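Next come the structures, one after another.
Shared chain: subunit A. Partners: subunit B in the first complex, subunit C in the second.
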Partner chain A sequence: MLEVSHLDAFYGQSHILHAIDLRLAAGESVALLGRNGAGKSTFLKTLLNAGPRGSGQIALDGRPLSTEATHVRARRGLALVPEDRRIFPKLTVAQNIEMGCHAAADGKACYSLDEIIALLPMVGPLVDRLGYQLSGGQQQMVAIARGIVSRPKVLMLDEPAEGLAPVIVDELGDAINRIRRSEGMAMIITEQNLDFARETSDRLYLLDVGEVVFCGSWADFDDRPDLVDRYLAL
Partner chain B sequence: MTIARVRPAIFFSLLALLVAGALIVPHVANRGVVFLSGVVAINVVFGIAFNLAFAKAGILSFGNAMFFAVGAYCAGYLITQQNHLPFVVILLAAAGCGGLLALVTGLLALRRASGVYFAVITLAVGALVHVLIMKLNFLGRNDGLVGVNRPIIDLGLVELDLARGDAYYYFIIASCALLVTLMWVLWSNRFGRSLQGVKSDPMRASFLGIDIDRKRLIALVLSGSITALAGAIYAPWAQIVTPELAHWSFSTMPLLFTLLGGSAFFLGPAVGAILFGLLDYATRSLIGISDLLVGGLLLAVVLSVPGGVLGLLGSLLARVRAPSSPRREGRA
Partner chain C sequence: MAGDLITILFNAMIWAMATFLVASGLTLVFGILHVLNFSHGGFFMIGGYVAYTVLSMFGADIPLWAYLVAAIVASVAMGGTGVAVDTLVFRRLKSVDGVYVLIATYALLLVCDGVVKLIWGLNYLSVSPPRELLDVIFLGGAILPTFSIFVILSGVVVFLVLDYVLNRTSAGRILQVIAIDPWMAGVVGINVSSVYRWTVITGFALAGLAGGLLVANQSLSPDLAGIFILQAFGVVIVGGMGSVRGAFVASIFLGLVEALSATYLPNYPGVLFFATIALVLIVRPEGLLSRQATT
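Presenting the complex of A and B:
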């Protein structure tokens, strides 16, 4: 479904990502792990052409994306929930979610608000609140709702559990798995929380200084305890 | 700057109040005040159309006078030279010309520049339009177009003679109320919210599939078309169209109305235009120092109340409410 080949990314003269290859099948969820600065967020932004200058091949369902503008990539089915959530503070939650429908420009029907609430029950009581009136966990749920409302093919979540209370992280994990199971949406999840990543993904890629140093199943990863010490430990 | 939400009930109540106030004017005031009141109504549209692009889409234009002038000249020319055309067709033609000029300006400048750089380009295009108007014979060069008569609207069974009595004044009030309502719909609906997204976080908006260049262009074209319509309505009211309408200094008017009333509020430019009209009228007899007085007062308000008069009223209201009631969500 999503094929990324030899993807390089640059901020100005700085070479951030080095020949990244990644494959994602329909309905599959992969975790992207690595320390701060490993290039996880840069990878997601490069897929959407949103900041870094990228080179290499990106194809979704066999159609190349590499030369498309950000909004076209979003309309083709890539949705990003960024680390800072970027909720519009002066719009209500319902209006924030509705904004995500702009990505459904090719005639695909968006989820209704009721369908969104069925997938993310925590959003239900919030629909009339303004963006600035939400807690971090509530913002994360609304950002995910806004990300999925256009029924994207690939949902990319950038450190979704960061800064959230453990009970909210549990709810978030349940919500992500509910979306995976019932909607068959493919996902790329960047995380530093190993337990959360394990709970919400089928396999993983490990990044270090802009390069993929490991890719495989969680079982393969567990067979290599050195990886945690070398690439994830502080 | 944050954009205030406008609830329908509050908007329509305020609009009804403004329209009622305007309809009373011919019964209680002299001809000069009626004329000024008509100009204020047109300025309300001029100001809100500017703010639709400025506050919602973040497009600062110093060239809105050119849209107004193009509308006024289009209507003036067609009324004086093609007087068989129905007035509605003339208004649509004027809106089309304003929209086309905005489209060309936007295509030329929006992708290349933003903020103050875009504003400077619109200033330059506006100056070019001003010079062109003064050079074209069929637009009357420096003299402009005179004898722009108030039209007769043929409704089939009935003819509406807008030249008779205060008929054209009532036409101005009705058409301006309609245009203000149209802009309120644009301000409040999904399109308006997407513009707000484009302005507050363009990167986030493009993540969500919004073509930010296209949205900004549409906002500018809408603003240009509606401003040109205001110009077209103005031409038969003044019965003369002169190149001063395209001068850069006239472009400061909608900006002034907006800053005076409060750019975060939909009706901010309307309040600004009304206050400006009142100030202008109150100082009309102070020959020589009238402009200085008006300018000084406006400068004082803009510097001391950055959120405009409505912003000041909003914060005073919040202070009064604060001790007795919990914080309310949003503003009207």
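Presenting the complex of A and C:
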């Protein structure tokens, strides 16, 4: 469904990503692992044309995305939940989620608020709260709700477990898996938490200094313990 | 005594609403695009001249409907000009330092000045108020011209409409979101570039509308832009940059300052006005109502 070929990305003159190839099938979830600065967030932003200057081929359902603006790519079905969540502080949770519906411009029906709450029960009691009144875990749930409300084809989660308490990380993992199972949404999840990434994805890509150094199943990854030492250990 | 008080309050409100009409578009554009548009007064001035040209077909006896139509024509003309200015100037200022924005928009003000001199000349021009608004009302010893009441009501109506749109509609929520985080707005599928364009069009249309509505309030001359832009900037700074509500409150506050100054310090015009702005900047640099998006 999503095909990325020879993707390079630049911030100004800095060459961040080098010839990245990635394939994602419908309903599949892949993890993108790597140290800080490996290029994981840059990759997600480049897919959305939301910051870095990219070159290479990106196709969604066989149609190229390479020249389209961020909002068009969002409407084509790419949703990003950014690392810093970026909840709109002066809007209520319900209004924040409603904002995500702008990505459903091709006649798709958005999830209703009740459907969102069924998928993410933690959002239920929060709907009338303002964005700035939320804790980190609550913000993450609302950001995911805002990301999925337009029924995107690909949900991209940038370090969703970062900075959250273990109990919230467990709830988050359950929520992501619930969305995968019931909605069949494809996902790209960047993470540094190996356990969380393993729990929420089918296979993985490993990035180092802007290059893919490994891609394969978790079983293949486990057969290569050197990868953790070389590319993930601090 | 009561008559003096009413006169002071009435003069304050005339000054306030005339200035708010000009400042509303300025603060709207700043709130969303973060572009401090020095040329705003120039487009207000051209709006006045456009309305003058339309009304010159009616001679001295102008019906109210024609006056309103002229204001709408000026508004549409300036809104259309906003498209050109956005395409040619504002879009190129997105990623440059604020100093270049000031220089570019000041250059635009000079262009406006030149256009007015070229088309309408250097002479002072004037328009009579519409015939339905030539009366006066006597209230507690004060004399209140009905045209001035029309100006006050125009300012209040423009404020109420803007405030409703910005705070009670989905379009207003989109504007708030873009004002706070345009990057995330694009990520959730909002066409930020299009919203920017419509904001500029609306800001310019408000400048044109102000020019049309106020055309009988003062003489038209090429230095009109400078006079009103100073007042409008004062209101925008004191109110809180980018806040329409703040601009409305500040216009009334500074209107009172101006009216008191004109009554009790007539030999020192403007001194109290600028002293008040300086005081607000020292005590509350973010303005009376700091910007909460565009509310």
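Annotations
In this section, the second predicted complex is superposed on the first by the 234 of 234 C-alpha atoms of A that agree within 3 Å, B and C clash if a C-alpha of one lies under 4 Å from a C-alpha of the other, contacts with A are read in each partner's own complex, and residues count from 1 in each chain.
Quick note on the criterion: a contact is a pair of C-beta atoms (placed from the backbone, for glycine too) under 8 Å apart; a residue touches a chain by one contact, two chains touch by 3 or more.
Computed from a predicted model, the values in this text were never measured in an experiment.
In this overlay on subunit A, subunit B clashes with subunit C. Once the two complexes are overlaid on the shared chain, A:130 sits against subunit B while remaining clear of subunit C. Within the superposed three-chain model, A:88 lies in touch with subunit B and with subunit C [touch as defined at top]. In the superposition on chain A, subunit A positions 48, 50-51, 69-71, 74-75, 80, 82, 86, 88-91, 95, 98-100, 102-105, 146, 150 are in contact with subunit B in one complex as well as with subunit C in the other.
By the touch criterion stated above, subunit B contacts subunit A in their complex at residues 2-3, 5, 190, 193-194, 196-197, 200-201, 203-212, 329-330. For subunit A in complex with subunit C, the touching residues are 48, 50-51, 69-71, 74-75, 80, 82, 86, 88-91, 95, 98-105, 146, 150.
By the touch rule above, subunit C contacts subunit A in their complex via residues 170, 173-174, 176-177, 180-181, 183-193, 292-293. Within the complex, the subunit A residues that touch subunit B are 48, 50-51, 69-71, 74-75, 79-80, 82, 86, 88-91, 95, 98-100, 102-105, 129-130, 133, 146, 150.
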